[in-house]
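Same chain, two partners: subunit A is paired with subunit B first, then with subunit C.
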Partner chain A sequence: MATIQLQQVEKRFGEFHAVQPMDLTIGDGEFVALLGPSGCGKTTTLRMIAGLETVSSGRILLDNRNVTNLRGRERDIAFVFQLFALYPHMTVRQNVAFPLQTQREPKDAIERRVDEVIKMLEIGHLQYLRPGSLSGGDRQRVALARALVRRPAAFLMDEPLGALDAEFREVMRVEIKRLHLATRATTVYVTHDQVEAMAMGDRIVVMSNAVVQQIGTPQQVYYDPSNLFVARFIGSPGMNLLPGVYGDGVVTLGGGNHYPVPAPWRAAIERAAPADGRVVVGFRPESALLRADGPLAAEVYADDLHGAYTMLHLALNAADTIVHARAARELSYPIGTALHFDIAPDQVRFFDATTERAIAL
Partner chain B sequence: MYGAKDIESRTGRARQPAALSDAALKRLFLWPTLGLLIAFNLFPLLYSLYLSFTDYSAISSRAPQWIGLQNYRDILNDGQLWIYFRNTGKYVVLSVAFETLVGFGMALLLRRKFFGSGIITTLILIPMMCSPVVVGLFWKMMYNPGYGIFNYLLGFPAGRGPDWLSSPKLALWAVVIVDVWMWAPYVMLLCLAGLSAIPDYLYEAAEIDRAGPLYTFWRITLPQVAPLLLIAVLFRTIEAFKTFDLVMGLTGGGPGDTTELVAVDLYRLAFLGQFNTGKSSALAYIVLVIITGVSNIYVRYLNKLKEG
Partner chain C sequence: MPKVENVQRVRAITGLRAAAAIVVCIIFLIPILWMLLTAFKPQQDVIKVPPKVLFTPSLQGFVNLFFQRLSLPQSQMAQYEGRSDLNWWDQVALAQGQITIGPSQYTGRLLNSVIIATGSTLAAVALGTLAAYAFSRFRIRGQADLLFFILSTRMLPAVVVTIPIFLMYRRLGLSDTHLGLILLYTVFNLSLSVWLIKGFMDEIPREYEEAALVDGYSRWQAFVKIVLPQAISGIAATTVFCLIFAWNEYAFALMLTSDRARTAPPSIPSQLGTGGVEWSAIAFGSLLFLIPVVIVVFALRNYLLRGITFGAIRQ
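The block that comes next holds the complex of A and B.
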């Protein structure tokens, strides 16, 4: 298989930066998800790796071979397009065989390999149909088969589940993951769906506004977001973020709430926080602990049962800030109930309010 | 108290149209067109079918006499007419083949936008818009061995080039060249439409699948354009089979009978000398049957192409 290296790769259209210079090293057999809102440059990045888009500057290495100026067909990568891009005038079988036929491989070898892949993806009953008469999910399977058939050095997938309906997405998500585990092919996967990225990626590259915001494992990205954008973007809902002012081991939040900072964090904040002490306290909904002696006072604004748990929307006293807190599903509170809560000390995070960067412990 | 019946009749009255109903209006718009169609298309079609079984002549005062299949028998046994059919076949194959090649080639060159491509496309389309008689006349001048520009462009010294229109070997080719000049743009136009309908992602997929330019052309471009290309070929075949005005403008069927196409002969039969209306109707019907047959083959192939 292959490693992929991006060194200061950037894409400009005139003055406009589609991708700011970025570095990324993808290991052999790794599954990396490029995640970000639409227009953040993730697809452009993928297309540059594929050779479908020229690189404005920087280098792309495939298995330590400089491919920056090679055409797509000289790079030995497979690409799964968002809209599948199947050849409409060919049958499913012809579509799958196409990447081998372009290489003038012997006919019986092609037939054997095509049979193998068709069996693997369970599309045997479709093989003499044309893409036009297939459902979205079946088209996706054919597109995957066409990508798999030639055992490429790397797989690039551009929102491959984007065109499927919700129910089928999950099925195909699992299939792609299993396929990856079975083939161990280096895979770069573009998505705007954080659940998909978390579920599938060995590592996630979070992008926004043409800039890489964070590169890390799903755990790192979720629990240790490197800045406020990642904290907000990952998770549904995202991290609770409460702006306040730090002083003497306490963060004074809007509306008169005071949050005593856990001891290990104090030194870090004192070292890193700006002179005016403006910081942002961050915590996940599941890190909010409802306790009568909790330091933070709030009032129930809404209370939704999500089946397995109850999501409380808490209005911090006298502040128009809503905090999401996850509570046991048995709990239910009338609107307006006054509550106190604390934040699990090992799960609280702090950010510099000016630079929006995370403060390291 | 109103009964159900009363209500029904009341609403029924309310629904009655104040003026024309939609249906009446529809008929009002349809009938004039339908009348014209019947008078100028359907009636002549059927009447000429009837005349093809008679000895009628439009300039004689005699009423048509029923002679059964005699006209058809005469035509099919007339060796001279078979020569005209052969001329026509040769002409159709040559002109349609070259129009397809030239038209498709130009479409491939013009599919990508470049500076001036719009104006070039427009200029190429001009021949198509000219009247065939005009085209015939000015090509006759261009072919003139004395002062024509055609031989000059081919590099012949003045007065030494071939006389295209009066050479038995070249005359048919001369007509073919003009027809290609005039109608290749039409094939190009349809091909351009076909080419621009091919989505870019198919080419991207082919690039990823490591297909070279030539392989991409054979496996992606050509099959994708094929339906429109076939329609262009069908239309051109039908039109070429009926070619009349171009030949009249250029050669008048000569030299000898080398450019005498069926449609030209049909004209002679119908409107010159004897005004042999009956026989010419029969010939027209034979041409109609041939064209319908050929078109059918195309249409069948086209459908097969669409279904796969």
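The block that comes next holds the complex of A and C.
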């Protein structure tokens, strides 16, 4: 297994930047998720690591070996594609054996290893079928088997669950995670599904517009987003973001609401906020506390029962800002009910409205 | 017993369909059938009005196609008729008042057709496959313009350029050579093969090759072992199109060849000249001319059915 290092790696297609220079160090055995909306450069990044895309500038190190200009087959990595890319003219077994055959390993060693992997992924009953006759989940298992068989230095997966239906996606998500825990193989996993990234990644690299927005653990990107993009993108719905103006320990929000800033934050905001005091108050739906004496007044715009909880859509008074708040499932509010709420003081975050960056405490 | 009724109904429908297919086939095959009948008709029956459908089959067509003959003066007829060392074809010729004086050139012409059509088809398909792969997979500067240029070679009717090509070929020493026609047919077919095969290759997901590239194949290996097996039906369809063109081509062959490299198509109507219109010989020649293409199409039929639907059947 191996470490992967990207040093100022960038990709240009003519004038167009597919990936702005980025740095990333992935530890041995780590599971890193590249997360972002489509077209953000995450797949291009993965393909550069795989050697399927040339690097415009920068260096890629695999286990401290510079592989920037090596072909894919000289890098000792395995790639799992979204559409599985199983060779349709070969049986499942031939597909799995393929990477070993290209390396001209002895026949009995190949047979032994293929048996081993086929057993590990429980696809023995499929091994003489062609991929065309398999279900999506089974195809994905075969694709994983083909990736595993060679014991590569690293696994690269490009939205491997994207082509599966929702029910199966969850099953395979757990299987991939377990497989990772069993093999402890360094894995880079591209996805646009933040639930997947949160559930599977040791760390998440959030990308947007060809730029890395934040690199951190799932907890970090969820609770401490580094900017407004990450705050909006992570979580469903994303963070509530209320623009306002800071002054004298209070943020004046639209619609005449005033939010008294918790004491520990005041110095930080005074230090970091721009001169005009324009900041954005951010908090997760579960951080909104419905309380009669809460400082923020709102009106129920809609409420949906999500089973375990009720998601309230609150219109801040006289402002057209909608805030999502999580409430106990027993509660139901008629539309138009006036409410007050507070924000859990340890879970509120502040952003500079101009630079869109998080203000550090 | 509704089940039995169902089975009977299905059978009836299948039967009707088969009958309809046979009727359609017969209609389409009437010209071929007529050619077949004409090929075996004796000369006097060929030109009968109204046409004769029942006749005594004769090998006059065969003999007239494959042998050079000389008309005998009346005075020598008796002498020849009395001879006992005559072959069966001599006797057929004699019945028309002729003697055979050697093989005709038709076999050679047919052989020329085989050489030229095979050579140019292989070249066009091989070059086309490589070019199509490059156009399909790599970022090529001016790709759209190049593809349009390749297509534009088809925009002028072939007949328009026969004279310039005739003059060029005479100067280059390519007139009446196999190489000359192979070259010409290859270039002519290349636009078709590049475009057709590119379409098929575009349908093959890149991921197959990329998986192979990551798993240890070189680009060439991935092309040969992963892409070609996937594209085989498209390549087979293209092969047939190219072959049919090269096999049937008439105008260039007529202009650019005279003897050594003359192909079958322009030589069949030349039968019109020798001793009246020998329709049965023409029909026999045409019939033989059909056979190689039929064999190739038959051999490739499984690929063709998949190829002609243009990847409409997805995995």
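The rule is simple: the second predicted complex is superposed on the first by the 361 of 361 C-alpha atoms of A that agree within 3 Å, B and C clash if a C-alpha of one lies under 4 Å from a C-alpha of the other, contacts with A are read in each partner's own complex, and residues count from 1 in each chain.
The rule is short, and it goes like this: a residue touches a chain if its C-beta (ideal position, glycine included) is under 8 Å from a C-beta of that chain, and two chains touch if they have at least 3 such contacts.
Just so it is clear, the structure is predicted and the values come from calculations on it, not from any experiment.
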Here subunit A is shared; do subunit B and subunit C fit on it together or clash? clash
Of the two partner chains, subunit B (first) and subunit C (second), which one does A:G72 touch, if any: first, second, both, or neither? both
Of the two partner chains, subunit B (first) and subunit C (second), which one does A:L83 touch, if any: first, second, both, or neither? both
Given the touch rule stated above, what does A:Y301 touch, subunit B (first), subunit C (second), both, or neither? neither
For A:T91, decide between first (touching subunit B), second (touching subunit C), both and neither. first
First (subunit B), second (subunit C), both or neither touched by A:Y309: neither
Under the contact rule defined above, give the subunit A residues that sit at the interface with subunit B and also at the interface with subunit C. 50-52, 71-73, 77-79, 81, 83, 85, 87-89, 98-99, 102-103, 146
For subunit A, which residues count as touching subunit B in their complex? 50-52, 71-74, 76-79, 81, 83, 85-91, 98-99, 101-103, 130, 146
Which residues of subunit A touch subunit C in their complex? 50-52, 71-73, 75, 77-79, 81-85, 87-89, 98-99, 102-103, 131-132, 146, 150
Report the residues of subunit B in contact with subunit A in the complex, numbered from low to high. 199, 201-202, 204-212, 215, 219-220, 223-224, 308
Applying the document's contact rule, which stretches of subunit C touch subunit A when the two form their complex? 205, 207-208, 210-218, 221, 226, 229-230, 315
